[in-house]
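Structure record follows, encoded as structure tokens.
Here the chain labels run A, B, C, D, E, F, G and H in written order, and each chain numbers its own residues starting at 1.
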Amino acid sequence: MKPTVAVLMGSDSDAPSLKPCGDTLRGLGIPFVAKVLSAHRTPDETVAFVKSAKARGFKVIIAAAGGAAHLAGVAAAHTPLPVIGIPVETPSFKGIDSLLSTAQMPAGTPVATVAVGPAGVKNAAFLAARILALGDTKLGKALEKYKKETKEKILGKKIKL
Amino acid sequence: MKPTVAVLMGSDSDAPSLKPCGDTLRGLGIPFVAKVLSAHRTPDETVAFVKSAKARGFKVIIAAAGGAAHLAGVAAAHTPLPVIGIPVETPSFKGIDSLLSTAQMPAGTPVATVAVGPAGVKNAAFLAARILALGDTKLGKALEKYKKETKEKILGKKIKL
Amino acid sequence: MKPTVAVLMGSDSDAPSLKPCGDTLRGLGIPFVAKVLSAHRTPDETVAFVKSAKARGFKVIIAAAGGAAHLAGVAAAHTPLPVIGIPVETPSFKGIDSLLSTAQMPAGTPVATVAVGPAGVKNAAFLAARILALGDTKLGKALEKYKKETKEKILGKKIKL
Amino acid sequence: MKPTVAVLMGSDSDAPSLKPCGDTLRGLGIPFVAKVLSAHRTPDETVAFVKSAKARGFKVIIAAAGGAAHLAGVAAAHTPLPVIGIPVETPSFKGIDSLLSTAQMPAGTPVATVAVGPAGVKNAAFLAARILALGDTKLGKALEKYKKETKEKILGKKIKL
Amino acid sequence: MKPTVAVLMGSDSDAPSLKPCGDTLRGLGIPFVAKVLSAHRTPDETVAFVKSAKARGFKVIIAAAGGAAHLAGVAAAHTPLPVIGIPVETPSFKGIDSLLSTAQMPAGTPVATVAVGPAGVKNAAFLAARILALGDTKLGKALEKYKKETKEKILGKKIKL
Amino acid sequence: MKPTVAVLMGSDSDAPSLKPCGDTLRGLGIPFVAKVLSAHRTPDETVAFVKSAKARGFKVIIAAAGGAAHLAGVAAAHTPLPVIGIPVETPSFKGIDSLLSTAQMPAGTPVATVAVGPAGVKNAAFLAARILALGDTKLGKALEKYKKETKEKILGKKIKL
Amino acid sequence: MKPTVAVLMGSDSDAPSLKPCGDTLRGLGIPFVAKVLSAHRTPDETVAFVKSAKARGFKVIIAAAGGAAHLAGVAAAHTPLPVIGIPVETPSFKGIDSLLSTAQMPAGTPVATVAVGPAGVKNAAFLAARILALGDTKLGKALEKYKKETKEKILGKKIKL
Amino acid sequence: MKPTVAVLMGSDSDAPSLKPCGDTLRGLGIPFVAKVLSAHRTPDETVAFVKSAKARGFKVIIAAAGGAAHLAGVAAAHTPLPVIGIPVETPSFKGIDSLLSTAQMPAGTPVATVAVGPAGVKNAAFLAARILALGDTKLGKALEKYKKETKEKILGKKIKL
């Protein structure tokens, strides 16, 4: 099946922490590709990929970067597709640098920013799914099923304080 | 034309600062409704509106709130539609409270967070447009035209330092 | 004995860190129930529980959540009871997100916010106790006894620098 | 009528910004006294007042202070009554100093912290009201009425974006 | 004289606050050009300019941007010249977003970051001058003269407390 | 009378905001000199002044600086006298930069840091007074008198909420 | 020898991290006592100790506390002696809460704040020494000797990058 | 070969974390010396070294310090050479203190600040190289080669999400 989501990351060292994003996309049946493309170290290749993404059938781009996190913004500058930014947690500043670098975009070039941390990594996939489900009833049902199962799992929890 | 975007705000005092969101949606030809609905002061009405939004033809929900900004999160909890959160600037903490309350959502309930400040207000509309344009070629052209005009305006600027 | 305090948490993974809250309530002889109820993943059940809490005899609600911590705010929106919010420490932002999401509530829907960290977890119980002691002399005596013992323990410490 | 709430502030310069707290208490029919008492500049008088508060019939203490905001904490150390802390906004740090100084109390001495800013000032009164309403049905009705009126006012708002 | 410094800014609205940079360069006799080029709104033109900068005789690039401030980083990715980043103060976050977006660059693509605020704007010029003075004795003398005059001006100040 | 306190500031533009420090010293009868000496723009003169301060009869040095506030630290490095640092409020970061640059000194070179803001400016004088009063009974009495008057002024305040 | 410095800490769990303060005082030959006294859990005993400190021959009080760190401020309110505040690092907020709670004191009640972290712990002792050395030539010589030895140790370091 | 870069650090404990700076300089064939010189503990030696640096043939000074990080600023005050500041990560505040102390310099004394963390350590070397390459074609080629190899390494990465 042709991939509709591209997951870009600035460094292959981010791959392990982005695994839950891939797992969630797979779990919802969304075909995707994952690529290492850096805004700073492979700028020409990044621009080339993003510019051609729409024509090649991609519908949503997810971009994960940390620190001076420019990848999602660069992507949003070169494509009309919705771009989801994952602000990667950083050793010193814990991702507040990544969050501000990703969210505080100028008018006209929005990045749909999700949370710093593992929940954000998964939510990039869920947000892509919500967007794609606008035109894909089957995906809408997969999301609904996930929601219902989550609810039941939580309500079934027995805790003791 | 039937509205496809709902712009919710926690307080009518937010309306003036959200004007550029409405202007941008209008400028791109996207029909929308704007409503004052508070997660804390009209919780039942908020939930009722959001729950019925998809069935009533809405495709994207934009929710603006400040401080302990729960509105976008509450919306995302009650609808499968993509929800865009605008973190409203606050008098004391300048919107860092709003940004964290909007972005740091748990897995399964994503909020597409945009910037604090006027650029974010406009970008909520642009992000909605990018999402809707996936299924609307005419809107895609409107976005392209806007982008081109912006570029030309910038390149035509003469500055003196 | 009928529980007068409900301790809600957004995820069962918070239970271990909330143990000291349960221990303190037990130590002061305050009957309570603890439940996993998420503002985002089980929103309907959360609202239903909170709406019925007063009628079922609860007097104080303690709600613990992290990140975009909406649980205490949602509770305060649906009950006239005093709601105590515990901002749970988070991996990336250490709970400053939780603190701001819990404390910065709009007028009319207060959340009595306690500290991020283990002291806050205990203090949620102590604050509930101070509130309940206004109508319960025996509990007031238990609090007094605790205070005296704490003082004596501290004054008895021998340290060496 | 004998006052049940004492509103303490570290400086008379805080009085104007605390006015909405007084207005809210009055609006709900809660008798109160307001006093300037500083943790640092009138420490003995502060301690003396707080120590005798319960015996004199007070049920809730509200303490407002800014910067190294110790007033609420000092109050909580010398009374078994519930103490509500209002972190006053400060010129340089906008109240983040006040918030942390008020909220991050050690175990055994809780301060029920409300928001920095005008909403917090009102919420100190609303939180006191929720606490007092546990033993005062009439006050509970006044709170209910306020809530209903607020809801209707919001739902009646017409906005234009 | 052929310009050796290019001062880029993301928006013409930044020009007034960047005036002291131009004044300082002029005062030191350094020929420069100033251009509005946005990393997000004119990405292709920005890349084209930066890529050709060295060949056209530029020796230092100064890039000023605010918020998710990617301009200096994008420049550093496409040129081997030293790039100086001015983090522009922003309405909501006062430039801490700009500072982190500018300074926290990944290995291999350094941005020489100066202060947020007017001193930083001037220091971008002074830093360019120090760099250029390594190969320009006359400029070194101009810097020395400035330093001496500044010192004398300060030592001549009469103040009264 | 020979001055015992030297008040140093990095720029004469700081003089107006430091006026309350001078007023307080004068009010307590402490002779002082005030000088503009910059750690960065008149480094040699600063070092020379500080190195000779003890021999010339100074007992306490107060140093006020903002931003990358090195003045107090440089003073502490070149004198065995107690050095009090006033972190000056800054336009962008409101003095958190000054506070951290002043307080976070390495072991062996302490700076007695006071608050950012007007209270800190006065407290630099009061702290100098407390230090000098260890060897000056008359000054101790002046401090006591000030404290008593402050207390009476506060207790005499009538406020209305 | 009669102690001239009192080192107070809010909890005996702080003792290990305060050890370097004791070591430094001992190394400089300054007699001291160390006591566990909490502003919140033993408030009466704390006030009593501080009030009598001057009469009992103490010259400097060092107070270490974390979180809503009121101990140094309470001490400064009840004694005319110079009070040095050590802001203790905290698990969640790393001591920024302690730093602001300690430094941002109101006018008239200064706390000489040192760094968060081990350097601050030692510097509390060095600052006390600088203050005491104003009236103690022998201590002045001990400080000088320490400084010289430190310098020689550093200059003797051989490093390899 | 005569060293053109001096790498200064405030403490020999910083040496291990600065190793990548040395490795990068060596890899690019830039001769350098590394020295432990503290702005606070060896102030005279630091000033002497920096003052003579230009005459001894140095072209760029790299200064690494943490906390109240004054070393780079002190260097910039005493030399006309370009000074690169590495803000060292700190245990409590993770280097935000170092970053602000290094970057927020007053006009006339610029410090070229790089990132907190390992990338910044390397980038200090790369920035020095970009500056030196303005007058050294061979170094320019070494930089180009490094850039090309980096790009190829990244593009060759195979990842799996």
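FYI, a contact is a pair of C-beta atoms (placed from the backbone, for glycine too) under 8 Å apart; a residue touches a chain by one contact, two chains touch by 3 or more.
Note that the coordinates shown come from a computational prediction; the quantities given were computed from them, not determined experimentally.
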Item to check | G-H or C-D - the one linked by more C-beta pairs in contact | outcome: C-D
Item to check | Listed chain pair B-C, C-D or G-H that repeats interface B-E [over half of contact pairs the same by residue number] | outcome: G-H
Checklist entry - Just curious, how far off is subunit G from subunit B if you go by their C-alpha centres, in Å? => result 51
Checklist entry - Distance-wise, how many Å sit between the C-alpha centres of subunit B and subunit F, to the nearest whole number? => result 49
Item to check | subunit D and subunit F: spacing of chain centres that average the CA atoms, whole Å | outcome: 35
Item to check | Touching two or more other chains - residues of subunit E | outcome: 11, 38, 41, 67-68, 90, 93-94, 96, 103-106, 108-109, 111, 115-119, 147, 150
Item to check | Every chain pair meeting the contact rule | outcome: A-B, A-C, A-E, A-H, B-C, B-D, B-E, C-D, C-G, D-F, D-G, E-F, E-H, F-G, F-H, G-H
Checklist outcome for this item: In their shared complex, subunit C is touched by residues of subunit B numbered 10-11, 38-41, 43, 47, 67-70, 73-74, 76-78, 90, 93, 96-97, 100-106, 108-109, 111
Checklist entry - Inside the complex, what are the residues of subunit E that reach subunit F? => result 89, 94-96, 115-119, 147, 150-151, 154-155, 157, 159-161
Checklist outcome for this item: As the complex stands, subunit C meets subunit D at residues 59, 80-84, 99, 103-120, 122-124, 126-127, 130-135, 140, 143-144, 146-147, 150
Checklist outcome for this item: The answer for subunit F against subunit E in the complex is residues 7, 9, 11-12, 15, 18-19, 21-23, 25, 32, 34-38, 41-42, 45, 67-68, 90-94
